[in-house]
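Below, chain A partners chain B and then partners chain C, in two separate complexes.
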Partner chain A sequence: MNKQVIVKEKKKFKLSDTIILFIALIVIVIFFTLMNRAFFSYANISTMLKNMVITGILALGLTPLMIARGLDISFGSSVSFTGVLMAVLYNKGWSLSLCLVVGVAAAVIIGFINGLLIENFDLIPIILTLGTMSILSALALVLSKAFSVSMLTDQLYYFATKSFLKIPISVFVLIFFIILFWFILTFTKTGRVIYIIGANPKVALLSGVKVKKVRILLYTFLGFIAGIASIIMVALTGVGNPLAGAKMALPVLSAVVLGGISLAGGAGSVWGTIIGVLIVSVIFNGVSVMNVESYFIQMVQGLALILIVSMYEVRNKRASRR
Partner chain B sequence: MVFLDNQKIKTNEYLLEMKNITKNFPGVCALSNVSINLKRGEILGLLGENGAGKSTLIKILSGDYFLEEGEIYIEGEKKVFLSPAESILAGVRVIYQELNTYDSLTVAENIFADNIVRNKAGIVNWKVMFQKSREILNNLGSNINPNEYVENLSVGGKQIVEIARAIRQKAKILVMDEPTSALSEKDVEHLYEVIRKLKNDGVSIIYITHRIEEIFIITDRVVVLRDSKKVGEKFTKDTNKAELVKMIVGRDFSEQYKRTDIQKGNIIFEVKNLNYLDKIKDVSFTVKKGEIVSFFGLLGSGTHTLFSVLFGDKKKTSGEIFIEGKKAEITHPFIAKLNMLGYIPYDRKEEGVALSLNVKQNITSTNLEEIGKGFILDRDIENIKASEWVKKLSIKTQSLETIVNNLSGGNQQKIVVAKWLERNSKIFLMSEPTRGIDIGSKAEIYNIAENLCMQGAAVLMVSSELPEILSVSDRVIVMKDGRIVGEFITKQTTQEEIMHCAST
Partner chain C sequence: MKRTKVIFSLGIVALIVLAFVLLPSCKTKSTTETTAAETTVAETTSAETTSAETTGVDLTSIPKEKLYETFREMAKAGKYEGEPAKGHTLAFANIIKAFPFCTSVENSIIEHWKLAGGLDSDLTILDNAADPQIAIQNKDIIFNKKPEVFLQFQFDAKINDQIAKEAKEKGVFIIAIDVPVGDFPFMGVNNYGTAVLTGQWAIEQIEKMGGIDKVDLILYQNVPQVGETVFLRIKGSVDEMVKKYGDIVDPEKTGSKGVWAVADSSSTEKAKKDFQDILAKYPQAKSIVLFCLNDQSAAGYQAAADISGRWDPDNTLICSQGLDELGMQLIRDNIVDGDSSYFPEKYGEYLIPGSLAYMYGGEKAVPKEMYVENVIITKDNIDQYYPQK
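Right after this comes the complex of A and B.
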C-alpha cells in the first residue's frame, strides 16, 4: 500500500516538472506581450524563431551528451571557427558545396578530438573544452585576421530568407533535428544506452556497455551539429564572423539546464530542452523588443539561469531530505 | 555513605563501560545487547568476522552513529555523543585502517592540526609546535622528525603520527582498527612497543584485529562478536587460538542448507598465472561446469580485485584466461560479456543496479542487442523478457516500471542476477552476492546459483562468510596478499582450517 503511494507521488512530481516549465513559458510570453504589443506580431515571432534555430539545434546536440554525463562548452567557438573557415575557403574560389563539406568535417573532427581526449585521459570535460574553446576562438581570429569574412551566395541567401507556409525555412531544420533527437532518445537502443550511462556510468560499464565509445560518439555528433549551426549562421548573416559563437555558450547551456538536465546527468528529455530553448529565446527577444540596452539582455539571461538552477537545487535537496 | 563508597570504587574500576548497546539499521540488526568494559591501562582485543558488529560498536563509541539503546560511561560519568567531536573531547580517539593524516603537511602540523599553536599576534608559533611534537614523539620512542612531510613517511610512521595526535588531544581511550594490516614487520614491532608504552602511561586501548596471533602478543583480555552479539569474553592468558577461532566462526551452518550433488562437466573456465600490478600475483585455477567455487580471504587479500580483473574492469598485467578451452583476451566488460561471463559486483547500489532506472530497463541493460531488430528498441519484447525474469526469480515489484531504488536489497540483487541470466551467461562471478540482504533472499540466491549449475553454468563466488562458503560451494580457494595460499574441498574441511590458512 505504502509503496504504491510513494511511486504514484513520484510520477506526479515528474509530470508537473515539464508543466511548470511550460506555464513559466506562457507567463513570460504574456508578460512581454503586455509590455509591448509588438512582441506578439508575426514579424517579431518569425524573427524570434529564426534566431532560435541555432540555439535550438546546439541545445539538442548537447542534450544526449549531458544526459550521459558529458559536457562541452566549446561548441560556440567551433561555430565561429568553421564559419570563418568556410568563408575563407569560399573566397579562395572553392565551390560552395565543398566549402560546406569541409566546414562540417572540421567541426566533426573537433568534436571527436574533444571526446577522445576527455574519455581516454579521464579529463574533466569543462576544463578540456574550455581549452579547445580558447584555441578555436584564437584560430578563428587568426584565420580571419579579426574581421568578418563575407560569404554571400544565392543558395544560402535563398535558404536564409525564404519561407514555407509562412514559416522560415531554417525553422524546418530545427524541427527536423527535434524529431531526430526525440526519435533517437525515445525509440532506439542508442537512446537507452545514453540513459543507462547517465543513470550510473559504472553500472553501465559493468553491464558491458562501451561507455567511452558512446560518449566519444556523442561529442563527435555535437561537433556535427556545430557544423550545421555554423552553416545556418553564415546563411543568416552572410559572413563568417570570428566572434559569432562567442556568446553562444550561455543561452545554449541555460536552455539545456532549464529543460531539466542537471550537470550530474541521468535525466532529461528533448521536450524539456525545447521548452528551455523557447524560454531563453523569448526572454532574449522580449527584452530586445523593449528597447533595453543589449548588455542588460545578457544580465537577464544570467539571472534567469541562476534563478532556475537554484530552484532545481532547492527542490532536489527537499526531495532527498524526505 | 557506604553505598556511595561502593559506587565510587565501582566506577573507578572501569575507565569505559558500554552497557547493553543495541543498534538497528532498516531491516538489519547490527548490534544486539552488547556490553563491554575497559580498565585503565588495559588492552582489550576485539575479534569477529566481517559484519559481526565490531565497526558498528566502534562507530557508536566514536560518535559517528547515534546511540539509540544502551548506555556509555566514561570514568563513571554517563555520556551521550552527538558527534565525533564530542567523543574526542571525552577522550576517545579512533585510529582507522584508512589513516586520516594530512599527507601534504608536516608531522608537527598533523599533530597539532586541530589546535595550531599561535602567539599573541595570531601568527603560528612553529618553534613551540616543533618542540612539543618532538617531546610527544620521543615519549613514544619514535625518532620521526616533526618537520618531515607526512607523505614521506611509511604507513607505520603515519600511524605513529596519528597516535601522537591522539596523545596531544589527551586521549584516554584509543581504538585501533586493524593497525597492523598494512605494516611491515619492523613497523609492527615498533607499534607493539608504542602500545606497551601507552599502556604504562595509563591509556586504555581497544585493539581490533583479524590476526589471532596478535591477541596473544599484545592484549590482556579479548571480546568476540558474532552476528551482532557478544559470544565470548576471556582473559587472554586463559584462552587459546583454537577456542577463539571457534568463537569467531560459531555454529555449524552446513546442516541448515544442503545442496544437491550436481554432475560436474568439462573445464569451462581456466586462469593461468594471472597478475595485476602488485595486487594479484600469479593466480591460477580452473572451474568445471556445474561447480560453485568460493574465494575466501581477509581484508586486502585481493579476492574482489581478482574478480574485477577477470571481468575486464581492471586490465590484467599478465596471464591468460581460457573459456571452454579457448583463449580469451578480456580487456573490457563488453568482451567479458561476449565470452559468457556475468558479474555481480560487491557494491550493489553503486555498481550492480542503476537505482534511478526502472526494473525492466535494468534487466535488459546487458542484452539490448536482442531487444528488437537493428537500432530500434522493441518495447513489447522488452516487457515480455523482463516480466519473464521477474516471474522466474520471483522479484517482488509493483510493476516493470517501478524505480529500482524503491525495491528491497534482496530484490535488487535478483535484478542484477536477472541481467546476466537475460544475457545467457554461463560463468558467473559473484562478489558477496548475499551481502546485506535478508535470510529469505539469501536462500533464494543460493537456489538460483544451484539451478544455474544444474544447467551447466559455473559460479565463482567471493564470500567473507565461512558458513556460507561451506554450505554453498564445492571448493574454496583461499587467498592472501594477492596470492592463492590454499584450496580445499568444502566437504573435507572446516571453518577453522580455512581461517587458519587465510590468516597465517
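Right after this comes the complex of A and C.
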C-alpha cells in the first residue's frame, strides 16, 4: 500500500522534457530581462518573434522527418536557390505570384527528389542531402552570377515590415504552421504513423505501414516549407541571395535537437521544437541586446545546446536503467 | 530522476554564472549595459538646445552646412569642445568583427565617440558577421533602440536598399560605411576609385617587370559574398588593365591571360583552399599578377602558392585592398607588393563628425559623400604611414 502511494507521488512530480525545457526558457528570459530591461520590451519581443519565423518553420518541417528517422540538411541551400530563382524570374518580368509559385514548386521538387533518392536507393540521408546542398548552392551561384538579385516589391515589403494586431504579419505564418504540425502529429493517423516509423521502422513495415512513401512525403513537405521560408527570406531582405541559407543548418538543427528530437527518431513534439527555436532566438537576441560580440552568442548557444542535450541523455539513461 | 533534476539545475546555474562572469568582460571596449531605447532617444530639437548649454561652443550659430567641417576639425585635432556627443545615441553594426580592418573601424568609432563625450550606454555595437540574416536581425534590434544615427556596415547594397526603405519609414537616420544604403549619406572608400588607383599602380609595376608579355596569368578575385559594390574594388582595376593592354587581360574574353579567381575572401584559410584549386588549373603559369579584395585573400594566395611549390616573390605581383595589420606584415615580409590603404583607423574621424552634424543640424548638415583618401602602401612608403613599433 505504502509503496503504491510512493509510486503515485513520484509519478505526480515527474516533469516532461517539454516542461523542463520550458522552465529553462523562462530562466533564460528572466536572466536576460534582469541583465537589460530593454529585452522584455514589446518592440524587442516583436523583433525576436519576427526573426525566429524562418528558423521556426524550417525546424517545424524537420520535426516530423526526424521523428521518422529521416534527416535533411540541404534546406538552407534550397532556401538560397529558390530565393535566387524567384528573384531572377521576377527581374525577367514574371508576375510576383507566379514567381512565388514557381519558387515553392522548385523547393517541393527538390524535397521530393531528396526523399526519392534516399528511400529508393537506401542512401544515408546526411550524405545524400550534403550532396544536394552542394549542388543547390552552386546552382544558386550560377543562376545569380554570384551576386544577390533584387526583388524589392511593395507586397513583400509590406509582409516583412508590417504588423496586424501589433504582431508582425510573418509571425502568423509561423503560428499557422505550429497549429498545422501540432494537429497532424497529435490528432491524425499520419502523425501516429510517423511516430511508429520512428520508433521502429521494421515493425512499422511489418505492420503494413508504407514507410518509404511516408518518408518521401515528409521530405517533400520539408521542401515545401523551405519554399515558404525562401519567400519570407526574400521579403525580409529584398533580394534573392545565393548565400542566404548558407548558415541556416546549425541554428535549425540546434533548435530541433534542443527541442528533444533525437537522431534515433521516434520521439519529440512540435512544442519541444518551438521551445528549442525560442531558446536559440532568445539567446541570440538577448546577447545582442546586451552589446556582446557575436562570437559569444554562438558560444552561449553552444553551451545551452550541450547542457540541454546532456540533460536528455542523462534522463534517457536513467529511464532505460529502470 | 532526482539526480537528473540536480544535474539540470546545476547546469542552468552554471550557465547563468558563466554568462554573468563572461558577458561583462567580453563586451566591446566602450559598451556597458544598454538602457531601454525609449529612455535614451534624444529628440533633435532638444539636442540642439542642450548643445548650446553643455558644449560651451555655440553650435546654433554655426550654419548647418559648416557643422560637419567644424566637427571634422575637432576630430582631426583629437579634441571635441564641450562634449557634443553627450546625451545623444548612436548605433553601429559592423560588417564582420573578425577582420582586423573592421576592428580598426570599430575602435576608431569608439575612440571618437568617447572623445566627443559620448557615453558607453548610448552606443550600441553589433556584428553583422557577414551574414545577411544576422544583418537583418541586427537592423531590427537597432531600429527598436531608435538611435539618432545608425552607422551601417554591411556587404550587400541590395539588402541595404530594403533597410534604407524601412529606416525612412521609422525615422532612423543612417550613415552607410563603404557600401551604400539607399540614398543615405555614404562614408568610406570610393570603391571604384581605389581599384582604378590600384590598376594604375599595377600597370606601372608590370611595365617595370618588362611589360605584359612577361606576365603569364592575371587573377582578378571575384567572390559572391562581397556584393556588387565591394566588387567594384576589383572592377576598376580590370577596366584600367583592359584600357591599357586590351583583350589579352580581359577576364571576359576567352584565351585571355586575365581570369576571374572565385576565391573566398572571408578568411585566409578559405582563400588558401580556393587559390590552391585555381593555381592547379594553370600549372604552366610562372609570372602571376593577383588583384585581391583584402589582405586575408593575399595571405591565402601566398599560402596556396607556397604549398603548391609555386611561391616565387620575384615573379609575383600582389595588389591588395584595404590595408590592415595583416597587410602591413605581408608588405614587410615581401608578400604583398602594393596595398590600397583606406585608413580604417581614421573612419571615426569622419563618422562621428557626420553623426554629430546630423544630431545638431539634421539631414542637410551631413555631406552626401565622405570619402577617405586612398594611398597605395608599398614596402618603400609603409614606414611613412605606419612606423614600425
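The rule is short, and it goes like this: the second predicted complex is superposed on the first by the 306 of 322 C-alpha atoms of A that agree within 3 Å, B and C clash if a C-alpha of one lies under 4 Å from a C-alpha of the other, contacts with A are read in each partner's own complex, and residues count from 1 in each chain.
In this text, a contact is a pair of C-beta atoms (placed from the backbone, for glycine too) under 8 Å apart; a residue touches a chain by one contact, two chains touch by 3 or more.
Quantities reported herein were computed from a predicted structural model and do not represent experimental measurements.
After superposition onto chain A, partners chain B and chain C are found to sit side by side with no clash. In the superposition on chain A, A:241 makes contact with chain C only, while chain B stays out of contact range. Judged by the touch definition given at the top, the superposed model places A:200 against chain B, while chain C stays out of reach. Rounded to the nearest 10, the angle at the Cα centre of chain A between chain B and chain C in the chain-A superposition is 130°. Residue contacts after overlaying the shared chain place A:47 against chain C, while chain B stays out of touching range. Comparing chain B with chain C, the partner in contact with more residues of chain A is C. Looking at the shared chain after the overlay, A:125 reaches neither chain B nor chain C. In the superposition on chain A, A:111 contacts neither chain B nor chain C. Taken over all C-alpha pairs, chain B and chain C come no nearer than 19 Å in the superposed arrangement. Shared interface residues of chain A, touching chain B in one complex and chain C in the other, are 10. Listed in rising order, the residues of chain A touching chain C in the complex are 10, 14-15, 20, 24, 27, 31, 35-38, 41, 43-44, 47, 50-51, 54, 141, 144, 146-150, 152, 157, 160-161, 233, 236-239, 241-244, 247-248, 284-285, 287-296, 299-300, 303-304, 307, 310-311, 314-315, 318.
Only residues 3-4, 6-7, 10, 187-193, 195-196, 199-200, 202-210, 266-267 of chain A touch chain B when the two sit together in their complex. Listed in rising order, the residues of chain B touching chain A in the complex are 311, 313, 332-334, 336-338, 343, 345, 350-357, 361, 365-366, 368-369, 371-372, 375-377, 398, 402-403, 406, 419, 423. Per the touch definition, chain C reaches chain A in the complex via residues 1, 3-5, 7-8, 11-12, 14-16, 18-19, 22-23, 26-28, 31-38, 97-98, 124-127, 129, 131-134, 136-138, 140-141, 143-145, 156, 158-159, 161-162, 165-166, 169, 222-225, 227-228, 231, 262.
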